[in-house]
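The following blocks contain the structures, represented as structure tokens.
What follows is subunit A paired twice: with subunit B in the first complex and subunit C in the second.
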Partner chain A sequence: MKLLAVTALALSVALPNPAPAKSLTIGLAAAATSLDPQFYVIGPNSALARNIFDGLVNQDAHQKIQPALAISWSRTDDTTWDFKLRPGVKFHDGSPFTANDVVASIKRVPGASKNSPSSFLPYVKAIKDVVAVDPMTVRITTNGPAPLLLNDLSRIAILPASDATVTTEQMNQGKGVIGTGPFKFVSWVPEDQVVLARNDAYWGGKPAWDKVTLRVFKNDSARTAAMLSGDVDMIEDIPTTDTQRLRKDAQVSVVNMTSNRLMYLHMDQGRSTSPFAKGPDGSNPLLKRDVREALSLSIDRAALVQRIMDGQGTPAGQVVPDGYFGQDPTLKVPAYDAGKAKALLARAGYPHGFELTLHASNDRYPNDSKIAQALGQLFSRIGIKTGVVTLPASVYFSRASKLEFSMIMGGAAVETGEPSGVLGPLLETYGPGAGQGNRGRYSSPAFDAALKEARHTLDEGAREALLRKATEIAMHDVGIIPLFFLDNTWAMKKGLSYPGRSDGYTLAFDVKAK
Partner chain B sequence: MISYLASRLLQTIATLVVMSVLVFVGLYMVGNPVDALLSSSATPAERIAVIHAFGLDRPIWDQYALFVWKALHGNLGNSFVYGQPALRLILARMPATLELAFGALLLALLIGIPLGIRAGLRPEGLVSKSIMTFSILGFSLPTFWIGLMMVLVFSVELGWLPSSGRGQTVELLGVPVSFLTRDGLAHLLLPALNLALYKISLVIRLTRAGVMEVSQLDYVRFARAKGLTEGRILRVHVLKNTLIPLITVIGLEFGAVIAFAVVTETIFAWPGMGKLIVDAIGVLDRPVILAYLLLTVVMFSVINLIVDILYAIVDPRVRLAGGA
Partner chain C sequence: MGQPGRSADAAPDAAPGASPGAAARAPLLGMLTALLRNRLALAGFVIVGLLVLGALLAPLVAPQNPYDLSKLNFMDGRLPPGSMSTDGSVYLLGTDDQGRDMLSAILYGLRTSLLVGVASAAIALVIGAAAGLVSAYAGGRTDAVLMRVVDIQLSFPSILIALILLAVLGQGVSKIILALVVTQWAYYARTVRGSALVESRRAYVDAARSMALSDRRIIFRHILPNCLPPLIVVATMRVAYAIMLEATLSFLGIGLPVTQPSLGLLIANGFAYLMSGNYWISVFPGVTLLLLIVGINLIGDALRDILNPRREG
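Right after this comes the complex of A and B.
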């Protein structure tokens, strides 16, 4: 063994090196908690997994579905889908990719979910069965029509069938971290760094980097400092306070892209009296549509984005950004109009306003407490006596779920790439299996009906129309107040380029040297 | 000696029990970790399944009893977020934190004692006054600000030292350490110095006060009258008696260094335990928080024990007796 190594060394010295090794070091803002791509649904884990693994289909930079390990698919009836697999693909260990791997990977999900804080089970819920028709064809049957099947599949990493029995714990020790993606796994120091090496046989083209090191800098200043000192070639998630400085730096280029995360306000619409919203007679003013619209119109969204977020955001008038499936072009961002807001308040019977406390987290979203303070001032301007209370996320979300507040601020990511992924949790009538994140208890039978129908409509055109209808109903009722979409940001050395992604993932494959 | 150790052990166990009950009840009251962990699109059924899997649906005394039972078998529970044994997660990060803490301690002693002696021997000199001014700065400037300034000056502007991370490590007795490689040392210097600043100031002040006090005592004057060299007086008579309070304070401070390391670790992206615990608190990852705090109790107890023993060695008048 030793002799072999010495010979190899001698050879490598003797042979002229064709090109210098290209390595890339990226500073991430959050650490992956596991190497198992099927363990925990959370951004940092999914982003890491996308460097190593592929799905049958992948989401592109704008969350549109693109062929990946499946090159085409067709539906033979409402519940049967056939996927043609990409030929000639090899896993990192050299074994060929076939239909058996797909079947094994999808069937591994329940096992990997056992101790997961947030599992992948929702993404395989629609799947009734998956079989290998031949080595290059997979047939998936669903429980009823499943228009979001492709979105679901884009979340499921495909592992070799030999990994079917590998546990999450074994993967965390580096065993069986084998995918078909652009980079091979090399090493992981939790909370610190992941090292990846180029997969020369990648089906999507040769990656530009021999070695990629993903380092974690949770502290915003530390991340910026690492970029400025040259410790890393690129960082994600620029702190808003440092945006201007990095933009001015001639050695650094900055990329901004509207993200899929919507910041919104939930208002208590489920009770006649509410703990933190009281009219002169003690009743809950938020039950009135005019009041909710007044609140929405009192918000200067453009100023909020410019002043508080240093421009790192896009004002929102609905739940998905421009260019997304189901985005409604007729819904405009509500224009700031304090005069109209006051008139609406008077019409609703509150000419002198009412008492309100806005609750928000202070460590969950960028500038969350500052945004809440600004909102409090905007509401006060139209005569609503507003107090603002911010809490750590660990306390805040528990209490919000117990309906201890009257008006809360939250953020929701459009994980499905279309509106139902946000409309369902936030606005559907609360009950077993629905409206799980509906902490405002908005309820509209017409909205529920449109959303439900959309979930079972396979025709894209009809589905998009239904989603728009549902969105229009909820926005007209002011079921929630959309504020803005956060921006995703990256900074990199001049000479590097990154197209940016709305899901915020930092994928080394897409980082190119100019 | 044996009765002394036994009473120390009992004290430690009592502290562990009180600590674990406090943490358990405290975290129970703060909130439900599932709300922080689960994505907003999870259905109530999934929520209940997760709560059940983590055992959070049992009554709190039941959860505590289960925890104690498992702890007695050496299992402090699995982290909710990592799905791995909490103790292993912490122990894997401990070498990095301990290395940083020892590095800081070493710097504090190497820099603090000589400066303190100098300031104590000639308290009125300009050099001594400068040393004392520096120590005031070291006391009063916040660690995180100094840390950021260090990064700004030495990494961003001058480019001498890396701004973050641990650098290359080598195995020493199976433990990865970085102080044996050049790259590792370069990475260690700034964070260790940052962590040491407060300690340096403390050591300077303690040493100065001790040296000034002891220099006035009769036996030192007598030694001088006997014609002993200044060096010998300093080493044998002054320093040895100055060391006694120093050992106590430094021992206690060592625990604080490990605790304060959180700030330094965050600024320098040092992969130690501090970062782990901060995140664990953020998502109420109870097993990790518990394991960390229990381990801290054990560590403090051991440090105090070592301090007491050292004390007895340096000062022969001190006897270690049971119930002390």
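Right after this comes the complex of A and C.
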């Protein structure tokens, strides 16, 4: 050790020009609302937390689980998991990381959920108990088989045990914001910026940046302008309208990555008459599978992505993108076929179409209102008399939940990194604790059975097969119409690189100078 | 009412030199000729006239029905002015992101803007004038209550009231007109009350009262015509304001359905593309809106000058 230090000293003296302090400034699209990583499940907070904290396991760029503070795990029976911890890890305050910290962190979650708009409780719901077997081993017992335990754990930031009693308010004042992650917390100005400093002792390797400043530009144009003027080195979430401009700029490079957010259409399948879908006899045409398939085939997904989204999307034929656990390679993106769509409509008894109003939000997803209008055009072309109404999200979602519409557009993020996180909320038969986001009221006993079984299957192979089966049933029934996955985008100065992430997080550690 | 002025059964005004309203001596025709002699007003008339004509004839002259989704093709989206469409016609002013021909969209958008502006101003005028007259003539508690309501309403920015109303009512032309009427009637009420208060103390009103004419007759046949000059000026300005307010609401995305864009919504649609250089989506509707507002204001200004009693004194 001493020798190493001496060598390092010698090296630093020997270098003629010590590298100047490297700093990185990133323009973010949304501000974190709290520094407490266990307070509020929302993108900006989680992204910020990942710069400072680690979980027992972390999700990689494609939401696959990777070892982090735990280097390995094993299951002794269906409900008992043993985690071997990474040795030699130190918190930012210098204290060593041990099993006690894991126990304290997981037990802190219920306390940190106080007043949370969306707490982390769902991620510890499956956990019955957590104990420190020895300083480097943690045992977690679950309530029944919990195939998603690792995913749940990837959401829980590990804090030092001394933080067990630190409240969210204290953290927001900068107290106890201590993790094991690549960067240390320096300062936070809410709604404006967060400053981070390098954690030289990071277990994943020394970060490339001495200082990282995360500035918030909620306004799309302001963010783009900051990038173009060189105020920031990098921005996230490029507005689609500015994509052309940034791509043309020789000083800027653009990174696209298919995100885990699926844009889809829900169709009313729960009622014989529907308020905004009326056949000539007044009945609800969306009950017929042929009609739903016709609608799906009438959508030119590639053109939609290319023209309306400026290429910032990936056409979808199922609920998770390529490369995800449970993705079904046999399900292709439905090919645009207006002729076949018309034939299907005629076969279903609507040779002259029917009346349909598509409702969509106009401030929730990128270009939501424009996508809805383009869909209106596509439906009109196969003879459906289509109207399009867009509403602010504040009004839209509550009315959609009250089933005031017949066809709605929505977006769903695959938080779990596998299909059940979307299949469950959107397609499972609506009832207490099930299908809460199923605003189309699709219902299939076969689908429900496959999904339910997958939830209790620990064997990865068998679980994947069940999830594929469920997906196939729902897609064959056209329970929803998948449109496309949004792309996450970043723009950065030439000379920087970022691999991109499907969860959209901007992690300074992964930004590298070429 | 062919001539705004005192009715024949009113006694002559006793106060020498007082002018109970210049319009009383200037018939509508005279007002019009005076207007046309004013060069700026003439320019205003020409601009507004052309725009109104274009709006009225939109279904005949527009190359495309921009409200018919089946006629649009988003593959033609964001083409610059002068581009050829996939079916061979030319987009003179380019297209927006949905492939709407901008020229057609502007002509149709003008229809909406004018309809909303004129209809809301007219309805607000009737309601406001009635309230103002009643307030002035009745006086006392009625006056106090009505005018406090007006005060409260005027103390809120009209955009705020309109936003709240539309959030509750939802989208649609009739709803936006209703929202604009609610936000505007108070201006008319206050204007009319002011003039009516002055008029109701004049001798001719006393004379009418002494002849035992009904209140209604005195209000509408005697007082109202003499309150018209300021009312006309306010109405003209308010039409322009209503059009602007509608454009603002549409710009914010809460006025009219997206498939029937008015000028404000067209500007909003194009706004996001300005950085990418697709200027035509915002600029052409913006210029149209500007011309319309300027035109109406030119007429309004000239009217104010002509109807100003002091000018002739």
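List of remarks:
By our rule, the second predicted complex is superposed on the first by the 496 of 514 C-alpha atoms of A that agree within 3 Å, B and C clash if a C-alpha of one lies under 4 Å from a C-alpha of the other, contacts with A are read in each partner's own complex, and residues count from 1 in each chain.
One rule holds in what follows: a residue touches a chain if its C-beta (ideal position, glycine included) is under 8 Å from a C-beta of that chain, and two chains touch if they have at least 3 such contacts.
Every value quoted in this text rests on a predicted model; they were computed, and no experiment measured them.
Aligning the shared subunit A places subunit B and subunit C next to each other free of steric conflict.
In the superposition on chain A, A:Pro239 makes contact with subunit C only, while subunit B stays out of contact range. Applying the stated contact rule after C-alpha superposition, one finds that A:Leu297 touches neither subunit B nor subunit C. Contacts of A:Gly376 after superposition: subunit C is touched, whereas subunit B is not reached. Of the two partner chains placed by superposition, subunit B and subunit C are both touched by A:Ser221. Once chain A of one complex is fitted onto chain A of the other, the partner contacts of A:Pro392 extend to both subunit B and subunit C. In the superposition on chain A, contact is made by A:Pro117 with subunit B only, not with subunit C. In the superposition on chain A, no contact is made by A:Leu467 with either subunit B or subunit C.
Once the two complexes are overlaid on the shared chain, A:Arg307 sits against subunit C while remaining clear of subunit B. For subunit A, the partner that touches more of its residues is B, with subunit B and subunit C as the two candidates. In the overlay built on the shared chain, the residue A:Pro425 is in contact with subunit B alone; subunit C does not reach it.
Taking every C-alpha of subunit B against every C-alpha of subunit C after the fit on chain A, the minimum distance is 7 Å. The interface of subunit A with subunit B overlaps its interface with subunit C at residues 221, 225, 363, 392, 395. Across the complex, subunit C meets subunit A through its residues 68-70, 72-75, 77, 97-99, 167, 171, 253-254, 257-259, 272-273, 275-277. Per the touch definition, subunit A reaches subunit B in the complex via residues 31, 33-34, 39-42, 114-119, 121-122, 168-169, 172, 189-193, 215-219, 221-222, 225-226, 228-231, 363, 392-395, 397-399, 401, 410, 412, 415, 421, 424-426, 432-434, 436-437. Listing the residues of subunit B that touch subunit A in their complex gives 30-47, 50, 53-54, 78, 80-84, 89, 92-93, 148, 151-152, 155-156, 159, 162-166, 266-269, 271, 275-276, 279, 281-284.
Interface residues of subunit A, counted against subunit C in their complex, comprise 220-221, 224-225, 239, 241-245, 303-304, 307-308, 362-363, 369-370, 372-374, 376-377, 379-381, 386-392, 395.
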